[in-house]
Amino acid sequence: MCRFLLYKSNSPILLADLLTRPAHSIIMQSTNCKLRMDMGQSNGDGFGIGWFDEPRTKGCIFTSTLPAWSNINLQRLAEKIKSGLVFAHVRATTGGTATSETNCHPWQYGNLMWMHNGNIGGFEAIKRRLQNSLREEIYLWIQGTTDSEHAFALFLNMLDDPLHRTEFSHRELRQAMLRTIEQINVWLDEAGIADTSLMNFAVTDGQSVVCTRYITSSEREGASLFYSSGSEFRSEEESGQYRMVKANKREDVVVVASEPLTYERSDWMVIPTNTLLVITPRLNVRLYPILDQYWNPHRGRQKHLQACC
Amino acid sequence: MCRFLLYKSNSPILLADLLTRPAHSIIMQSTNCKLRMDMGQSNGDGFGIGWFDEPRTKGCIFTSTLPAWSNINLQRLAEKIKSGLVFAHVRATTGGTATSETNCHPWQYGNLMWMHNGNIGGFEAIKRRLQNSLREEIYLWIQGTTDSEHAFALFLNMLDDPLHRTEFSHRELRQAMLRTIEQINVWLDEAGIADTSLMNFAVTDGQSVVCTRYITSSEREGASLFYSSGSEFRSEEESGQYRMVKANKREDVVVVASEPLTYERSDWMVIPTNTLLVITPRLNVRLYPILDQYWNPHRGRQKHLQACC
Amino acid sequence: MCRFLLYKSNSPILLADLLTRPAHSIIMQSTNCKLRMDMGQSNGDGFGIGWFDEPRTKGCIFTSTLPAWSNINLQRLAEKIKSGLVFAHVRATTGGTATSETNCHPWQYGNLMWMHNGNIGGFEAIKRRLQNSLREEIYLWIQGTTDSEHAFALFLNMLDDPLHRTEFSHRELRQAMLRTIEQINVWLDEAGIADTSLMNFAVTDGQSVVCTRYITSSEREGASLFYSSGSEFRSEEESGQYRMVKANKREDVVVVASEPLTYERSDWMVIPTNTLLVITPRLNVRLYPILDQYWNPHRGRQKHLQACC
Amino acid sequence: MCRFLLYKSNSPILLADLLTRPAHSIIMQSTNCKLRMDMGQSNGDGFGIGWFDEPRTKGCIFTSTLPAWSNINLQRLAEKIKSGLVFAHVRATTGGTATSETNCHPWQYGNLMWMHNGNIGGFEAIKRRLQNSLREEIYLWIQGTTDSEHAFALFLNMLDDPLHRTEFSHRELRQAMLRTIEQINVWLDEAGIADTSLMNFAVTDGQSVVCTRYITSSEREGASLFYSSGSEFRSEEESGQYRMVKANKREDVVVVASEPLTYERSDWMVIPTNTLLVITPRLNVRLYPILDQYWNPHRGRQKHLQACC
């Protein structure tokens, strides 16, 4: 089970406060017995974090095939870097995919940053068609072998000049995301793939964030995804637990994560399966159902059915 | 929780059959949800394997700070290497100890190979005294910072010319092991350390194996340790489960491990807490109680109390 | 400048004697000032070695993105492994290619092992056509981004069932090699690529070896390549220098290398530019000119013109 | 040959402009044939950089055992991080010292940062005495095996409470540096070591910098060390060459390096052998001869005698 976390706020957070110090940090938690048992699986096949220092600046990425919890450089850097827009991803490889830095999330292309939790079932059957659909510069940009990086390439291919533009409307990102999923579905259908795909994607241009909780099934639930908002997200020094502070009406922080990060479950809204979430530059959160062949307003009550990435 | 495994047999085993192919391999099992939940903790902070190709040949070691399950070199080599005497160790770091190859078990000095599951509580309080007790060449040989490597250094210091001798009687190894534990205990006492120490040590010269299940407590159980013997140890291809075959009266294989490796629990004997086990060159297994201040013949019935390494 | 070395002999050599102990080892020599100055460039971007333990057995590969000279596992393993057929490659990345284990030579597919010294000029312009020409299982097998791995894939595509067959005639390997070069040339021409390509390829099925010294130019010399044969290839313990012993008429060893490995220059034959060399299972060496548009029997006298890989 | 570079300025520099983009960067230059030949040796055994973001803030360190030129994280981070006080070090291991992150320069303790170019000849003979002279918390802080880290530990031991203090006068740092060298010399003498030691040390508390060019010989020259100052240090985009701009009388930048970094040799002052250099918080540079038994005002004219680290 891979996991991801994204943080967007008007006030930058020290990466250490978000990622390395909290006992229940999404990328460090493998050292914590309690939570590990809930999870039942390690995330020791590498991790990546991406962050933007200010709006309109190209982001930065730090990835490693070593587990996050033993990466001394990560721990030192996290004590220094502040950011108002953070992507974090931990990875558990699935059969056959090499553990290499080129296969670590997130990826970056121009100003755009992308990560994925889930997997495209039967990806190999559509890999060649996907590659052949890409413009040359995007095709040649691909360095790894994962379905996730290829999905990003397909997404980039939906945009005009993604390498040099520094701004995108969230409407444009949203449309490109939907077209990406739609195109993958068309190819999977044509290839006769029966496997289920989990496509929890997240993308940002440094201003807006678009992410999805999506599954190619009208009955099962997608890989879990939650969000929370408030005026401050911080971790308690004593307990090492996160807390979403709601001091006033202002929404200054939005966090999206594969699992609730605080013990206050009421803080966390489930993002319904097959829904697209947008965080606007002004931190408004909007949810859009993805109304395709897998849309089902009566999807079952079995909450949080986990599926492997 | 670190874990170790040692295998000694008259007939060499392909390392892949012991270490990388079985679904329940001690060094790969982090990818297996079921077992992971039993364990409650990852072992992603490196691993090491050591093996001897023939009796009387110096062993070879392969260590890595990357998790075993993503180490492609390990997987390729394990398909090629056969050995009749294998040490394997997976590591979970404890606070403050760097993840570096110099801190990976096993270690080798001359013909001697050593690994440790457990920890010396309050080790820092005795580190300087331990170092100062060592002969110069052993003191300078130390490359890392772990209690485990220092315990090996102390063990080496109990022997005459451990670098150049190729043979040791198991009696001599046993005595050196007991003196090592005894000396550590003296220093811990003098330093007023109240923390409990877990000293499951294993050492071999390529011929005999000596290992201990030991705790500095007369009431608690030591870190778990089991052994099994039979005519063949193999893993079932279909289920990926190990099996100890007992085809005849001959004992051709002895396996010692931190946890039972097969589902046939009756195959596994618990090594009682504060016991030293010897495997002779001819594969006889002998158990010796360690009769010091922590010996307690009536030690409680709370079986398999796990303690963290 | 990448470099490669291949060793084939009736009598296995300890890898340490070939690769790690000699002062002038092709993969370790970066630590040696003298030779480094001749070379003018480091080979610190990873290395790989491949070997077969016996005829007809699948080979084994050990690769690393760490420089060979600081790889402790390599040094330990080399003291244990003997082989009669060894490939060794050191790598200096060229612009834009990631240093990752998936980009390290040699590669292996079924029983076939491949390495490359040189580069395909303008490779990106033909990458998509090359990929589209491949059978699905070969296309999906590719893990990295290098021209070298893709050239291997194209070579595999020229053979029937390269994954499962364990034997190939050297005639078949030779034909596939020539067709690989020919096909690459056709695509480069059609893409209008003016850059020169250096294709020193080596391939083996564990029995025969086929390698080339090739350049897409009728005037310039290819990247250097030499061979030597004799009754024993060994390194002098004192000087750390290699020596090819010619004790009798029997040819028991053939070595092919990017540069002469001994100071006895008369031991080394230059493989002429645009020539294919075959080492048969019985250790006969045969040279075949590659008679295509770049063949030039009067190619200039400027010996050993180095070109960057 | 190890090398180091330190940069101190009133105006922060983007690390990329100092370290990764210039063709002649001290930590990247192994890819450059020309300069490599001058040097005759690779620096592929790891590197480290340290920087302070503002005065009075604890520094940050990034180290790696991979060569700098293939470290993608370094290259990304360097495009983001600005600093007015940078330490950079590239390392070539000398026999017997493990390549591990714990052995990479620089080291940090509290606010103090340290690096070393050179080696303490016969260090092993004084290692135990050095360790035994240390206060417990400094002794236990040591993670590696290098003479360089131990020299730092000895330096720390000369200071009161180096862990918690955030400010030191440059006078205090200077005294501690001299006492460190003096103490090492006493021990080397007592151990009867005849080997020459090269002690180019650099230390900073984030405000002042103290560094030495020192050799335990009254005749030979120390490992080379130069400095330059001006109003701006930058690299030309086209040529990739550094340039020290001297636009006005103000000294806004001081650079100290193992070798001149620009082709304008007149920009670079040789730091005489056995001299201590101080850069004050206000960027004044002061040189002090080290007046001990190795001081020799008539030291020979053989300039820039290189000695191996």
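Which chain is which? They are A, B, C and D, in the order written, and residues in each are numbered from 1.
Assume contacts are C-beta pairs under 8 Å (C-beta built on N, C-alpha and C of every residue); 3 or more make two chains touch, one makes a residue touch a chain.
Keep in mind it's a predicted model, so treat the numbers as computed, not measured.
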Next item on the list: Tell me which chains count as touching both subunit A and subunit D.
Entry: B, C
Next item on the list: Go through B-C and A-B and name the pair with more C-beta contacts between its chains.
Entry: A-B
Item checked: Separation of subunit A from subunit B, taking each centre as the mean of its C-alpha atoms, in whole Å -> 40
Note to self: Touching at least two other chains at once: which residues of subunit A meet that condition?
What the structure shows: 72, 98, 101
Margin query: Considering only the defined contacts, which subunit C positions touch subunit D in the complex?
Written below: 30-31, 33-34, 36-37, 40-42, 44-46, 65-67, 69-70, 72, 92-93, 98-99
Notebook entry, point to check: What part of subunit B is in contact with subunit C in the complex they form?
Noted result: 53, 58, 60-64, 72-73, 76-77, 79-80, 101
Margin query: Show me the residue ranges of subunit D that touch subunit B in the complex, using the header's touch definition.
Written below: 98, 100-102, 124, 127-128, 131-132, 136, 139-140, 142-143, 145
